[in-house]
Structures are given as structure tokens and as C-alpha cells.
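In the two assemblies presented below, chain A is common to both, partnered first by chain B and then by chain C.
After this line comes the complex of A and B, so read on.
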């Protein structure tokens, strides 16, 4: 007899971290944090560009993983099936977390110089940068590595006027016209959509997306709503 | 023909889509020589143009040579870039140590790049987690975990059986696990 067992999520998490919750994260339950992580992971996978970072969620998840891991070890091996199920749940959470970070790293590596420039601009405009400080350091080092290796292998041996290389210009720009499935978590006003009736570029219609409605829509139209958390991608 | 050396570089990469072919130092040098030659020819032509010794139609010669220079440069950079991407894949699939079979195929700059990349990744990973505690290894858990649970009835004595995550079960005849 074979079965793939799934423990109800809240039961699994709560029994794993009973009594170990920090006082200052009492406002957000572990199930909430996991829900936020799942949403962030899904959004990051569906979006063609790098989204603003959710390292607050990542940090809480990491501390909870530590707690869960310890509880699991203290639990002992008496009831081996329950132990296995909890362990699998923990593995899943770790996988979600790692996959989220890997997806972001991939996007950063693809266009590191361009993203650094964009974040600089965001900071000047008073907005939050998209990359966390850790990721920014990574992007800076990565760009520098690329420039160094290009210089060493090719550019330094060329005549001086040919040595210029602007990585930010060469980085691939995300295709924001790509269609994505989006769900509105709140009623969103002012979503602009390219008008299909008019052939001219830039003629737009403004629509309202009701709460809990799902649409297939160009990413450009919902970008600001995804950033603010009013919509999520499927 | 102009730009043929550069095309050979790209063809070499395409012929071996999965592995990292040995660094073709020779071809790279020839491309650089080609660029330098074209560049020098351009300088001479420009001087002649400015001095009025040749007609204005020579300007299109300049443009053609410059286009060839740009193309060769682009091909060389693409060559290096794609080798780096393959090396990066290697780090994620097999870990941070290069076996000698691969090392032989890389130029010195690439080996240095690989080490620096591994170091960068390690710095990033250790910076995660609260106050840089244990950090996270991002190269594990590449796939969602999935395991089937099975209820087993033992037909024969087997003593101890160890599963993939280290749990031990004592199997005796006719016992249910």
C-alpha cells in the first residue's frame, strides 16, 4: 500500500514550532509567513524582471527553519511516520526559500550592471531599491568580475579607442510586454491596457480590476500593482 | 574574408554545446591581429581622406572595416561570456572544485574568474540569515522534495535497514513497518 501523505500545513508548522516563537514576531503567524513566501516565489517566477526584494520574509523564514530543525531533532524517532512527514514539510519550505533566492540570483546575474543602475535611479527618486544590500554587493562584484575577465582576455590587447565596454547597455532588458496571468488581491483602479481597437501605439484604455478577478494581461500594465502587493502573478 | 576568424570561434562553441572546449588561444590571437590590422588601415585611410588624396567614396570603406572590427570584438566577447556561463553551470551542478580535466581547457583568466565567482557566491550565502548566522547553501534542494511512504510487511528476517535520510528500521519476519 503506497500513499503520499500531506499533513495540513498549519498543523505541521504549529506543532513543529510550539513554544519557540519570538516575542517580536507574534503578530505574524508561521503560516502567514509561509503564505507570503509562496506568493513571493510565485511572483518572482512569473515576472519577466526582478521584483522588489522580500528579504523580510526570507529572514523570518530562515529563523523559523532553524527552530523547526531543532524541534525535529529533539522530537526523537519514536513516531517515525509523523517525523518523516514533518521533515518533508521542512524540506519543502527550505526548497521554496532556496528556489526564491536562486530565481532572484539568476535574474541579477543576467543583467547585473543594468539593475545596479536602475536601483541607483530608484534611490535618487526616493524609492526602495529592488535588491537587498547583500544582493547589491553580489551584483557589484559580479559586474566587476565580468569586466575584469573581458579586459584581460580581449580588451586590453586592442587599440585604446576600442577598449570601451558598457555592460549596462549590453545587458538584456526584460520584456515587459509579455503576457502574464494576474490575480487582483484588492480592487485596482487605473490599470491601463493597450487598446485593441486602435492600431496606433500607446493608445490605452483604463480599466478597473475587481478584487479576486483573474486576467491575462501585459506585465507592463500590472507592474506597479505587483510592486505594491495589490496584485499577484499566477 | 573579413570576420571569418571570429565566426570560427562561435562555430567551435556551437559544435560542443555541452562541454567546455579547450580555450582557443590561437584563434583569439588571430582575431586580435585582424582587428589591429583593420584599425591601422582605417587610420591610414582617414589620414588620406583628410589630406584629400582619395575621394569621398573611401568613407564607406572605413565604415565597412569598422563594422568588421565591431563584429569581431562582439564575437570574442560572446565567446568568453558563453564559456563563463558554462563554467557557472558547472559550479551549480558539481560544486566549487574544478577537476583537472576541466582546468586544462581553461585559460588562466577563466580559472581566476571561477574562483572569484565561487567566493562571491559563498559571501552571498553566508550573508543570509539573521546576523549572518549559519547562512544558506543554495546549491542543495534544487528540486522539490518528494518521497513516497510505503507500509511494508517483512517476509524474511533482515535485521537493520537504513533509509536515505538515515532512519533505521529493524525488520523482522512478519512485522509491519
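After this line comes the complex of A and C, so read on.
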């Protein structure tokens, strides 16, 4: 797996060997890109938080779709079996793509203000934001609308001292203690899991997850491995 | 993830078909398929196999584990050993798809339906007992090798709710100490 995420967390050995993500996009086959999108879709469905966006993958899948769509329109006058097969595959990929975007939008709508704040902090720390620029614009608009609506319906009728509104404080915080099902794509060393035998937080066991093994594990234990693409969620 | 999305994933698994038409290679985004030659076995993704089947363009060759003997053997291993046995990826989804969409291509399909159901039941029962054990242990991690996507999807909602509850209770117990 190439250095798929631009998140600095993932800039480990992989990226030194494989080069920057942008460089090897051309080297991967369309099937690989599709596989990556499927994985991103699955991860997004299983992770309790919004994952760093994979619009590098989405964009290259979209350009595949457009190319294929154009071909179909050009040769598509005669309704051959081949044409229908291509059309069917196209429909499947469009579904996958849309579903991926929707899963992200659902999460963004759930805590738009909080995510904007977190991305702002990530930028300040020199990290890649989790939302793409389009998603960010969407979140901003959504927050604005939410705010306007709250004001119009309730807050404007309250005494001034009660009018303070902090949407980011109201948003649900992703529960990273939640257990997820993860599969190691590479052998992962140094996965720390809270130790149940010790009381209180801060006590951890370090485990190794062998390649292809599947575990039920707290999300925060595997978070960085999911970011780097060494693990996937099921 | 829900059951339909599991099925969507399972439809990417490659299956053998026997086409009744002749055509050259089709360059799909997920890889090339064909060339197709009438009555020569070809390997295609399940979604394509089912699509061709619906258009009466092929016969699907069921995977070799989808036989009465195959499933019976799987049930035997499943019930005699403690850990989950290794089953083909997406076995439940594929069995379900094939028995639903092309039961005429699968020999003994009625008997198979019952057997696949039995297989599912024995795995789900095992999952229930190990879930209870897991929750009682208070562990934060469990090895789940050999669980399939469908089983994970099936277990997720209740397991997630239960562990979140346990976590809250444990945190409360710590705080009150």
C-alpha cells in the first residue's frame, strides 16, 4: 500500500520508500484505485469519527467514471451486451462513490462546528485538515444556517445574557473508546490497548497484530494505523 | 454497514461462469474479463455473473464449497472445535445470493438452503456465547480471526451498545472509588 494519506501521522517509512502520494497515483491501476475507495468507504462506515478525507482517490475514480461515461455515449448507440456491462459497473462505482460522500456528510452535519474547530487546530499544528475544501465550505454554510435558525426561532426572544450560542460545544464528540473491528493489512507493532486488570486509565498493554489478523479493539488503539493504511476497519 | 452493503461487497468476489455467447475481452475498471467463448468457463465478478444469468447469457458454476458435502463438513468443523473455523470470505452473502438468484444452477439447492441456515445458526450461537464471555471478562480486545464481514455487521450494533454501557459503568465505578 502506498502512502495513501497526506496525514503527517502516516509519513513513516512507507512514504520514504514510495515517494509522495501524488507521484505514484499514476502508477496504480484503476482496479487498485477502486479497491482504495472501497476500503475508504468501509473505514468511514466503521470509524466513530470523521477520517481524513481521501479525495485523492475520489478524484481519480471520478476521472475514470467520466472517461468511461464518455466512451459509452460515443459507442452507446447500439445497445450491445458490452455496453450494458460497462453501464452496470459504472452504476456500482457511482453508488460506492456517492455512499462514501454521504457517509462523510452525515458525520459532518452531526458536528459541523466542532469539526471546523478541530480542522482549524490541525492546520495550526501543521497537520492536513480532515475535511476537503469543499466539505469545509459545506460545514461552514451548514453551521451558519444552524446558527441563523437557532437565533430566529429561540435566541432572539431570550434576554441578551442568555443569547450566547456555542455550536461547537453542543456537537457530539466522537467516542474513540468505542470498540471497532479491525483487520491488519500489515503486521502492526506497538498497538497499545487499555489493560483491564489495572484500575484507572493510563495502564496499557502493548500488543502486536499479525498481518491479516482480525480483532475487536478500541478505536483509539488503532486510529493511527487506520490513518496510515496499515489497518482497515470492517 | 448493513446486510445489503455486505452483499454489495460480496458481489466483487470472482465466480466461474459458462457463457452461451462469444465476445472478446471487456476492459472493466475492476480488471479485464473474458474473452468469452460459448461453453468455455470464464472467471468474472459475482455481480457480472448474476447480471448475465438474469439475461440468460450464462450458467453459474457454484463455488466448490457450496455443495451438500461441503457445507456439512463446515458445520462439523464448526461444532466440534472451539474457535471459529475458517470459512470462505463472504460465504453467507454469496450462498444467499446464489441460492436466491440462480437456484437452478446449484444442485440440491433446497437442501443447501437449510444447511447454510444451520451453518449460520451454529456460528451465531458461538458468537453469542463468546460475546457474553468477552463482556464478563472486561477485556478491551478480542481476537476475531475467521469472522466474516456479515457476521461482524450482525454483531456490531448490540456489541457496541453493550461495551459502551460497560465502559460507562466502569468509569463510574472508578470515579466513585
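Following the convention adopted for this analysis, the second predicted complex is superposed on the first by the 203 of 234 C-alpha atoms of A that agree within 3 Å, B and C clash if a C-alpha of one lies under 4 Å from a C-alpha of the other, contacts with A are read in each partner's own complex, and residues count from 1 in each chain.
By our rule, a contact is a pair of C-beta atoms (placed from the backbone, for glycine too) under 8 Å apart; a residue touches a chain by one contact, two chains touch by 3 or more.
For clarity, every value in this text was computed on a predicted model and none was experimentally measured.
K.L.:
Check whether A:154 is in contact with chain B, with chain C, with both or with neither, and answer first, second, both or neither.
P.N.:
first
K.L.:
Contact-wise, after the overlay, does A:162 reach chain B, chain C, both or neither (first, second, both, neither)?
P.N.:
first
K.L.:
Touch check for A:142: first (chain B), second (chain C), both, or neither?
P.N.:
In the superposition, A:142 touches chain B alone.
K.L.:
Going by the contact rule set out at the top, does A:98 touch chain B (first), chain C (second), both, or neither?
P.N.:
A:98 sits against chain B, while chain C stays out of touch.
K.L.:
Based on the superposed arrangement, let me know which partner A:134 touches: chain B (first), chain C (second), both, or neither?
P.N.:
first
K.L.:
In the superposed arrangement, which partner chain does A:59 touch: chain B (first), chain C (second), both, or neither?
P.N.:
first
K.L.:
Is A:88 touching anything from chain B or chain C once the two structures are fitted on A? First, second, both or neither.
P.N.:
both
K.L.:
So which bits of chain A does chain B touch that chain C touches too?
P.N.:
Looking at chain A, the two contact sets intersect at 81, 84, 88, 92, 95, 99.
K.L.:
In their shared complex, at which residues does chain C touch chain A?
P.N.:
1, 5, 8-9, 11-12, 21, 23, 26, 28-31, 47-48, 51, 55, 57, 134, 137-147, 149, 152, 156, 159-160, 163-164, 167, 174, 177
K.L.:
Tell me, which parts of chain B touch chain A in their complex?
P.N.:
Going through chain B, the ones touching chain A are 28, 32, 35-36, 39, 69, 73, 76-77, 80-81, 84, 88, 107, 109-110, 112-113, 116-117, 120, 123-124, 127-130, 133-134, 136, 138, 140-151, 165, 167, 169.
K.L.:
Which of the residues in chain A come into contact with chain B in the complex?
P.N.:
1-5, 58-59, 62-63, 66, 77, 80-81, 83-84, 87-88, 91-92, 94-95, 97-99, 101-102, 105, 109, 134-135, 137-138, 141-142, 145-146, 148-150, 152-154, 157-159, 162, 165
K.L.:
Of all residues in chain A, which touch chain C in the complex?
P.N.:
Those in contact with chain C are residues 30-31, 34, 38, 42, 45-46, 64, 68, 81-82, 84-86, 88-89, 92-93, 95-96, 99, 175, 177-179, 181, 193-196, 199-200, 207, 213-218, 221, 234.
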